[in-house]
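Here come two complexes built around subunit A, the first alongside subunit B, the second alongside subunit C.
Right after this comes the complex of A and B.
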């Protein structure tokens, strides 16, 4: 029983790492129907910038807002350079290639600036584990969980309660109608990319003390987060959290009860099942496209 | 004094730079250097390269070999097999090197060295440990592949000897990564354990870049493991140490020499203390040769905290150049087959950092390091030190190659 508790806790902590990254995918999808495939690299840039700031002697908590501003600028840049031209010519797939390309460019830049070695991100919280229901949890893992839930609440609140959020929802529902209603949809989309990369940069500094920091850290994590976004549903904040928990717990329990060689399999099988049975995700609203 | 040291280091590094530039004269001796200078294994690659540069600068300063200067042609293989192959072809066909030193990654070495074999150009593997490397061309009459690193069939039995015999653990778990390095090492560990009549209580795998080691560690813990034997590289080894801290379960880590990598020690922090691994060289001035090597290395490359990132790679890199230089001198030529013949029958001993090489190679045996040479290192205070006081005290007696040394796994062909 104790083992299971530990596996579930570790799975939840792992899943929340994926979830905080997955929010970024959702934010851009919610406005423009596009995804930033460079999300993993935005995460890495955030973590690296954060690490440099901490290295300069900036306090961890003070560093977070600076990294968020950096992330927002980086996201706006991606949208202007890579996504807007594709949306303008109504290209279905142009943004896929351009966001991937920008991601690779960011990774190469980071490799040259910071090297390709994995570095340690100093933990702002004590590294000694806490005991909870017979299982061990790191304080940093709890911070990641709080961060993930906090982001979910912020996004849901923003979309449902604020006028700007309504503009975002309107843009998603019908871009042309929203435009006619006087919403600057271009700006809304730029804003959503900025927000998305900001959340990725924030996620980067949040998880870096747990994962090691390096130019290649985004690749695997970005992919896992994408799976979480698909499983949970690209339109539901709640779905991301639950998708993360499902994937994380699936990984740790399979690793223990089946074989560590197969631990990535169940999560991806689940992804295939979800895509086949409920393409909008477990918690996503399936939109009917009228042609 | 400080100024003098600085100018010396400057002049040495410019020398090294000049060496790598393509200003080479026709009568220079070109030696290729292939290793990962970026990426996860770069701490080994860069230390190796710096050791090579240091030895080359010293040899050139003393007049070079056969009256010619050695010029290094350095290439970053990024630990990728396909890059290694491209580089091998470039070094052979375009740069026309007399020999090549390097290779950190077993996979890259195995993929690349057949081009040297075909071109009859010697390769001195100075870091890669895969047992198969020097036996890849056993079926051919001539073998151009040499090595001065401790191969896995030495390391695995050493790890097992340390865990089972010396420290008396009855239950051990094996944790290895899913790469060639990890899985071949895991197989060697299983074989070595079998010879002691022990079976690992758990054998677990993980991927490069995995961030959570909970299931692997819990399995080992549940199976009652008293020690963890590892075969992996720095970052993931650090995640194992961090995972143990998290689970509040601390058993000794004993593993292949990669536990001495700077990115393990730095990323694992206090969790990495006490890890033990076989080492051919530990950064301690135990002989005059080692002392001057360490002083010159620190002066020239000025690594962080006066700690060589990978002392083993640096020392073996340094020695590999001296071995080649001695062979070229004896051969009186830069002709591949002649260098190879000289390497197989070195008349004068070569005093290196790791050991003094007296007849390091024969026609049938292309491995310079035997099971009696490596000692156990331990991570202590963020550096690698001698694990046993007795080894440290006797370190000034250089351990030389002993072809009858017991403890290596017999390689089946």
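Right after this comes the complex of A and C.
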């Protein structure tokens, strides 16, 4: 029982990371119907840059905003190079391939800059576990949960309460109409990519102290977060938190009771099943096809 | 004459391929060409999914791996001979292809890309973890196969691979030029229209994935023998992206493109190993890009910003190549950059680019020439059976609800056989929704539709289409990249009874059916006056002609009932006159017509009965003249007095 509580708790922490990455997918999908297939690599870059900054002697807490700025710039770069030309020529194949290509480039650059081995990210909080409901819980896990929820709330608040946020929401509802109302939709899309990569980079520095940091850390995370985004619905807000928790717990328990080698399998299988059965997601609304 | 030339070229190419090992004698080069051939087999298959059905598959490295491991495991555990392992690899991988296609029932585009990516990742994990079967990360070592008691050496195995390549080439080529290939291409052009032409989108997607996977499986098994060692890490994400890069770079929808793409992805890493060579190539590339960007700027074809991106990119690449000591570590970045370049500047691939530059005609155009040269036999338009006067279609109490909106509210419509039934009403009154309900695109919230005495509930669009309801679309839904003739031949898909074997072996049944449908398709084009444009791509036709082509395609289904959704929209006055004559002739052939139209003169001159919809309700029905005089109808169109 004690072990199970512990697994559930780490599952929740992991799930919140998935939720943050999935949140990033939702942001760009909302404004432009596109996704960054290199979202996992954005996360990895965030963690790597964070690691280097900490290595240079920057305080962990001070490092976070710098990484966020870096993430935002990286996202804007991806949008300008990979997505905007594809939107212009209305090529779905185009943005899928170009975000994949950019992801590969980022990963390869990271491999060459930081090496191919996994590195240890120093934990900013004490590594001695706390006792909670009879289970051992790492303080870092609590930070992950608090940080992830805080991040999502901040962006939601921005979207709902500020005039810039309204522009984002308007672009989501009807891109052409928003454009006619004088909203620079191109800029809004760039901005959504910046926000999206920023949340991924932030998730990267949150998760890094709990796992190992390496160039290949992003790929599978990005894919499983997509599963979460689908479960939660690409267009519906907070279903992803529940989706993240389901997946996170499924994974930690599989890893413990079956084999760590198989820990990625439930997420991927879940993705296949949800897409085969209810592609609009468990919480999403299916759109009506117009002919 | 042209044919003879082609045959000679093919014979020379095949001879060169088979004599290559003798000519070089260098095992390294023999193995290199062998790898190219194996990759080409994968790419033939991948092209079916990516080029023809237009889906992005990121799972083909996984399928390739399944083929390799099927062969590897069979050899390791059972000592199976090559004539067992190759068919087994094809069968097992094809089965996995079918599983992979299951989610394709519901999703397309980025969703499907993610599904296939997840599939590929799962396969890699399973190969790694199921050590009892696959030896896990250790990998499996095997030898070259034995054939008729003789262990093949490197050269002999090369010949085996070459034979397999040729067989795959012929197979894929024949399949893709048959009705199956047209069905695949139609899916990409317009899924809705495919279903309404009786080509079930789901069925043919699965078909495409299965054939594609089978080829990947064959290639995987050949690869296992070729390398004599297989391990899980070969079949990873990078491999998948490499395959995709090869397809788009070589050129979609051509076999030459696949061969070219395979050569590029095999040779490129070798090129990167040779740094000196790479430096030269990258400098030359940068110069070419800079010059062509300059030309584009001068002709005003590109903005400064758009032209600068590739120039800066290629110069940076060249600069980088001088800076770095070794390129091998940056291999993937180079692939990434090339992918970006190809996606935006070379969309039709190298083959497509050359074709455009030289203005070569594709096979679609020459097919059209051949079809028009054949002598027409009988009437292209089939006569609809049944006795006139009875009810052909009865829709009762149709309710179609989208959320809170009732697009159709308790509408009854009865259409008599052999008549032209008009359906009119202001915009947004539910006319097109009615069409979609009748053709099974929407499932009504309540109400029943019965056609020729059978209830339509639970039938899919393609089943409804095959039972005799054909339609056109308000916003034209042609298969844009296909020729006019091919569009009509998709409509004639139902007249093919040939299976995969008939097609692959060109058995008499397929040849006969193919000839007959070509002739009929040509006849239908003649009927709507498009015979001269048979070889033209549908997207290049003027708007009015596109509408006529849609009618020809719908008639190809041999329908009992034809639904025409605003056929006269956007047509000029002389075109409309032509259209009237066509619709009259269709009626003379006993085909019942439902006509949605805003041109009142068209409606009044053609229709036997007219129903009027307004806000989802039927407000009037009767003879055209009666309806025209009806108060409610006038009010709906012109607005009533404020009450």
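In the analysis below, the second predicted complex is superposed on the first by the 257 of 291 C-alpha atoms of A that agree within 3 Å, B and C clash if a C-alpha of one lies under 4 Å from a C-alpha of the other, contacts with A are read in each partner's own complex, and residues count from 1 in each chain.
Everything that follows uses one rule, which is that contacts are C-beta pairs under 8 Å (C-beta built on N, C-alpha and C of every residue); 3 or more make two chains touch, one makes a residue touch a chain.
It should be emphasised that the depicted structure is a prediction, and the values quoted were computed from it without experimental measurement.
Judged by the touch definition given at the top, the superposed model places A:261 against both subunit B and subunit C.
Contact with subunit B, but none with subunit C, is seen for A:120 once the two complexes are overlaid on the shared chain. Using the contact criterion defined above for the overlaid structures, shared-chain residue A:10 touches subunit B, although it does not reach subunit C. After overlaying the two complexes on the shared chain, residue contacts for A:219 are found with subunit B and with subunit C alike.
After overlaying the two complexes on the shared chain, residue contacts for A:111 are found with subunit B and with subunit C alike.
Contacts of subunit A with subunit B, set against its contacts with subunit C after fitting on chain A, overlap at residues 111, 219-220, 259, 261, 264.
Contact residues on subunit A toward subunit B in their complex (touch as defined above): 3, 6-7, 10, 13-14, 17, 111, 115-120, 127-129, 131, 136-138, 210-212, 214, 216-217, 219-221, 251-256, 259-261, 263-264. By the touch criterion stated above, subunit B contacts subunit A in their complex at residues 38-40, 42-43, 178, 204-207, 209, 211-212, 214-216, 218-219, 222, 234-235, 238-239, 245-248, 263, 266-267, 269. Here subunit C touches subunit A in the complex through residues 54, 56, 58, 102-103, 105-107, 109-111, 113-115, 117-119, 121-122, 125-126, 128-129, 192, 237-238, 241, 244, 248, 309, 329-333, 335-337, 339-340, 343-344, 347, 402, 432, 436, 441, 473-475, 477, going by the rule given at the top. Within the complex formed with subunit C, the subunit A residues making contact are 34-35, 37, 81-82, 85-86, 91-94, 96-98, 100-102, 104-105, 107-109, 111-112, 219-220, 223, 226-227, 230, 259, 261-262, 264-265, 268-269, 271-272, 275-277, 279, 288-289, 291.
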